[in-house]
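In this document, chain identifiers A, B and C correspond to the written order of the chains, with residue numbering beginning at 1 in each.
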Amino acid sequence: MKFDTIIIGGGLSGLASGIECARAGQRTAIISAGQSALHFWSGSFELLGQAGGETVITDPLSHIRQLDADHPYRVIGADRLRALLGRVPGLLADAGLKVSGSLDANHLRLTPLGFMKPAWLTLSDYIALDADAPMPWKKVALVNIYSYLDFYPRFLAAGLAKKGVKCHMGTVNIPQLDILRRSTTEMRATNMSRFLTNEAVDDLAFKINEVAAGCDAVIMPAILGIFSDEPVERLRRAVKCPVWFIPTTPASVPGVRCQLSLRDLFIRLGGEFLPGDTVKRGEITDGRLRRIFTVNLGDMPLEADNFVISTGSFFGHGLIADMEHIYEPALGLDLNVSKGRTAWYDKDFYAPQPYMTFGVVTDEDFHPSFHGRTVGNLYATGALLAGFNALKEGSGAGITLATALHAASRITGV
Amino acid sequence: MENTKDYDVIIIGGGATGAGTARDCAMRGLRTILIERLDFTAGATGRNHGLLHSGARYAHTDPESAVECIKENIILKRIARHCIEETGGLFVSLPEDGLDYHAAFIEDCRKAGISAEELDPTEALRIEPSVNPAIIGAVKVPDGSIDPFRLTTANVMAARMNGADIMTYQEVVGFLREGTRITGVRLRSHRDGQEREIRGKVTINAAGIWGHHLARLAGVDINMYPAKGSLLIFGHRINNMVLNRCRKPGDADILVPGDTICVIGTTSTRIPYDQIDNMEVTPAEVDLLLREGTRLSPAMAWTRILRAYAGVRPLVADDSDPSGRSISRGIVCLDHTKRDGLDGFITITGGKLMTYRLMAQEATDLACRKLGVDRKCETAQVPLPGSDNTDDDRRRRAHIIELSTEQKAAEERHGSLTGRIASNDDAEDALVCECEQVSVGEVNFAIEELHVHNLVNLRRRTRMGMGTCQGELCACRAAGLLERHEKCARRTLNDLASFLDERWHGMYPVCWGETLVEIQFTSWLYEGVCGLDTDTASPIGEQPLH
Amino acid sequence: MTLQQQNISDNNFESCIKCTICTVYCPVTAVNPDYPGPKQAGPDGERYRLKKPFFYDEALKYCLNCKRCEVACPNDVRIGDIIQAARIKYAKSRPSLRDTMLANTDFVGTMASTFAPLVNFTLGLHPVKYLMDTTMGIDRHRTFPKYSSTRFESWYRRKAARTQSLYSRQTAYFHGCYVNYNFPQLGQDFVRVFNAIGIGVRLLAREKCCGVAKIANRCINEATRDAELNLRSIREAVDNGLDVLLTSSTCCFTIRDEYPHLLHLDNADVREHIALATRTLYRLIDEGEVRLVFRKDFHKRVAYHVPCHMEKLGWGIYSTSLLKMIPGLEFVHLNPHCCGIAGTYGFKKEYYDYSQGIGRPLFDQILESKVDSVATDCETCKWQIEMSTGVPVENPISLIAQALDVEATMKANGVSIPPVAD
């Protein structure tokens, strides 16, 4: 089977480059081995939150010069970065995802444990605070759902109290969720969102109004709108003050929403999405990846003019560690990793972990290399790349999207 | 805050021995207080195999210990049923072990009164399919598994029910003395740094390896040598019977199924005394455990390792050897009046988890003699809380009627105490820890009744966070529940941060494969999505003061 | 050689990192609170069952075995297999008469097709449906698939067998119970399409039900016996240089993957020779070996539904690519979603509501799409979708047969053997 471009990996990075290629009229396929890390998304994309030991708020792009020379941001350069990332809000809008934020200044997102972290883009129903402005509320209602364990109003209240916001805590219950409560485990955000449609939303809003009387805003767990905006809009209409959502621990409703929306956009643009399949090997000759073989398609290889590999870090199995080695399992690409397992980690959990920075070796155009030779029609993007610690920098989504859009623009010439 | 109560006995050390001694003293009517520096089972008690020895392991090298073990084995099966699983054990001979030891071993077991049934290798493989098919001989013995956390908690509860006071996170920083008599202890709190004094007629040093330092504080010398033993925990049960190598006891020759997991160990290395609070499993030890372990059960080569840990055995110098170089075998109960002319002070050490009750009995007997109390020890007859149903009704019921999985799991953990776990509605049945099936009701029960102040305490009482994900899914849920009781968000968030760090300490020695995937995922969630970081992670509670 | 390799334990169950993604995609969790969900029922439960079998939870019977959890799992945990294997190993109750009957598709099929008009008439009667509902627990709302009075095998012997050996290339065909007893037309379409491109179709020496229904209903000994017979026949065909093609994604998935995973039968020697007809057809076209010519007067708006087992096989792309080759076919994409029938599951009274609840989002999509027909590679999906939406459902091979200009195709592939008559 022959495509113009094949993307290995169906997470944020793979979908972003896939969408751009398909939009440019390319026959494009995405091979996705299981669902992606996007499922744990907080509702905010980060660009650069920490640099040179400081929290970055204004003009994050100007801070990239504080990063190492081989950092993907430095390799792309600030100007091109601005051009590439400037397209992201539009891309998300095409998929039906409304975001706010700007490349010129970070805002603050409110985390599930009540901390404020710098962010670049945040979904429209999630909290994005202006770092310099006073808090928009004097008193908020922190509303949880009865028996739901993945929302922490008391931690949020402690975080908001530091900023002078008073919190009223309340729990609501609607009978439509009793069905989930009968299970000891399935009272999950994503499961609740399947039941919170139509009249159930009105009932929920009624209960929320009871609890939130006298408050400037309602802050509640992100448990609505997994498949569409409709339930969220319905709730916002029925609740008497603004409603804001806090992402929950896995899997998150905005994460699943984002994943499915981007996948659907890709398919609408004519892309082929192959779920649940794993690339097991590729044929690389004369510095070009000729074709790839997958577990499901067996002896029928997939061919393409260009390939993108966006398989992620260890979580996505873009990298695999055994007791002695780390390797890239799909194509056997050259890696930038430390030797010997004691060099993979720091004994302090909160120290920068070396393994977080491991990834494939690439040239300045993000072509990986195979046995020391650059593979000219292959691009590596996202968490599979080496040379950055997305967690410590608060840079994961920015790097993922920038490298994905870079690869797509090189391939399509757009 | 001054505790003006006048105690008969102060027991230092919240391991099995200290808790057992507190129970024994309280049952004999002594006014008792148990003092623990950190949390119960934080020392060697919580850092071993959890093996319910039949004594077979010692039958050849130390017949006296073997006899002690089988006697206590039988007693524990009576009094601590809910902490024990009667799995049975196999001693297997591999070609490189030969069969000479095997023959002597069966004879030695019989002499010690330990049932030892010789099995054909094929039969051994049939009853325990995980064993290396290369075995040339096998002997079945009544080994089993024992949960040291549960055992200690049950002893603490029994002590409390008999009137004992219990204090955790209180470190003894000095002794009160009048002339040649120890009359009490000076404590410093690990929570707020405050000091206080407690008075008692007799003080029992049951602090394991830390007893060496305590004795010195009291002005006497007991030479203890710390021997470190490292172990690995696998993600699930490979075996359902305890597996031993039938050879002279050596490294990595026991695989014990305990609750949902199994444990291979141990190594044995003498370490400097100043390292006893810095237990760390080295890569060489991990390699050794796997190399030897896969000989016992090849499945270890492809089973996920959850974590590695190490404990410290106190080896006590034999008083009869003036050079101080030979190590005493078995239980060491020192009457410091006789030994050093120091009144009101007893040290109980040596021994092993299996003989904790006997150690407690010896120490309590001595304390009673000093106090002029004449009460018989009943700890071998009276069941522990959790095992105190006269029949097995409840446990049988658990097997017959359709309980939910988490109710069955709770039943296995808390025995007859399970009834105290609230299960009034769906909210209380909801699972906090999905790997280990710990419900909201069980967490609340532990917080209210089992001396829980932080997440590590909660883990030890319930197994919350001990499963496959090592806290990824449950740590924040448990923190949310704990905060409702502690009512301090800042402190609970600190606690959450240090709990994850504590989990990581057991994971990094085995950080490859899915363990690395798991920890990357955990970091993304807690540091990334939730924003927990170094600033919030100032450790509390579990750090020693010095 | 390291001391620890990648995890290769049974079903990879301990590769589970507790990310909960599987619970998002489980169709059962969404409708049935008594089902513990794939994570609890699968890898979480397995640790406990390994500790003590008494931890087995009878609610595992609610699992549809759709494998959507496996497709979603980022860590390649065979969650569905873990659950089915646990049901086989630990469930205490024996299969009921009803379950045994539903499981024995080929026995019942043989009986029913012999008396097809009577059976079809009877199964359609309200009193009979009522009786089956109350006495056997087969839901009265369920429309039974019609039984054909002529079995596919009989048709093949009478009409097709004679000419098949004339073709220079040959393939073997595992038709399955549905084609044989209920819908021989699909088998006939398969023969016509493959004949038109110059490939003769042979039946296997003997063929039993693939076993999917027996596995689901825990008739494991019977399933294993049938599977062994099927594998013997398949081996014989493969030894004779034939590939074995199927028109049912579920039979195909069962023989390729469930035989080794759940029945512990080694099929590695023949597995790569067992394929869905659409995959092989696509390959032949892609490699330029054959050419299809379509009629100018064929016009249909068709939505493709990926059956769950097709999603797991990962071969939906072959069926959709073929459909997209038909000039008169207007292709409509459906978001993947379980239809809810899961073979015999949806026939059971106690699951009927769950079954319909699971399929609801798919039915709504289909009804909104305003298509002439739905294409899918699974017969039970066909029953469910037809019953629940009223929209006709056709196998892609049947749609190709309808759209095919047989004469022109024969010519393009140099075939001169006269086509098989009805």
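Going forward, a residue touches a chain if its C-beta (ideal position, glycine included) is under 8 Å from a C-beta of that chain, and two chains touch if they have at least 3 such contacts.
Since this is a predicted model, take the numbers as computed values, not measurements.
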For this session: May I ask you to sort the chain touch graph into line, ring, star, complete or other?
Result: complete
Seminar exercise, completed: Of all chains shown, the one whose Cα mean is least distant from the combined Cα mean is A
For this session: Provide the C-alpha centroid distance between subunit A and subunit B, rounded to the nearest whole angstrom.
Result: 42
Seminar exercise, completed: Between the Cα centroids of subunit B and subunit C the separation in whole angstrom comes to 53
For this session: Can you check how far apart subunit A and subunit C are, centre to centre, with Cα atoms defining each centre and the answer in Å?
Result: 35
For this session: Indicate the residues of subunit C shared as contacts by at least two other chains.
Result: 3-6, 19-20, 36, 39-40, 75
For this session: List, in ascending order, every residue of subunit A touching at least 2 other chains.
Result: 37, 40, 181-182, 184-185, 250, 315, 317, 320, 322-323
For this session: Mind pulling the residue numbers of subunit B that touch at least two other chains?
Result: 404-405, 434, 473, 512-513, 517, 521
Problem set entry | Contact footprint of subunit A on subunit C as seen in their complex | 2-6, 19-21, 23-25, 29-30, 33-37, 39-40, 70-76, 272, 279, 282-283, 286, 311-315, 317, 321, 333, 335-336
Problem set entry | Of all residues in subunit C, those that touch subunit B in their complex | 3-9, 13-20, 36, 39-40, 43-48, 50-51, 54-55, 57-58, 75
Seminar exercise, completed: As the complex stands, subunit B meets subunit C at residues 235-237, 257, 259-260, 287, 290-291, 294, 299-305, 398-399, 402, 404-405, 408-409, 434-435, 437, 467-469, 472-473, 512-514, 517-518, 521
Problem set entry | Residue ranges of subunit A in contact with subunit B within the complex | 37, 40-42, 111-117, 146-147, 149-150, 152, 154-155, 157-158, 178, 181-182, 184-185, 187, 247, 249-250, 252, 313-315, 317, 320-323, 341-342, 344-345, 347-351, 353, 355-356, 390-391, 396
Problem set entry | Partner subunit A, residues of subunit B touching it in the complex | 280, 283, 404-406, 425-427, 429-432, 434, 439-440, 473, 476-477, 479-481, 483-484, 489-490, 492-493, 496-497, 500-501, 503-505, 508, 511-513, 516-517, 520-521, 523-525, 527-534, 536-537
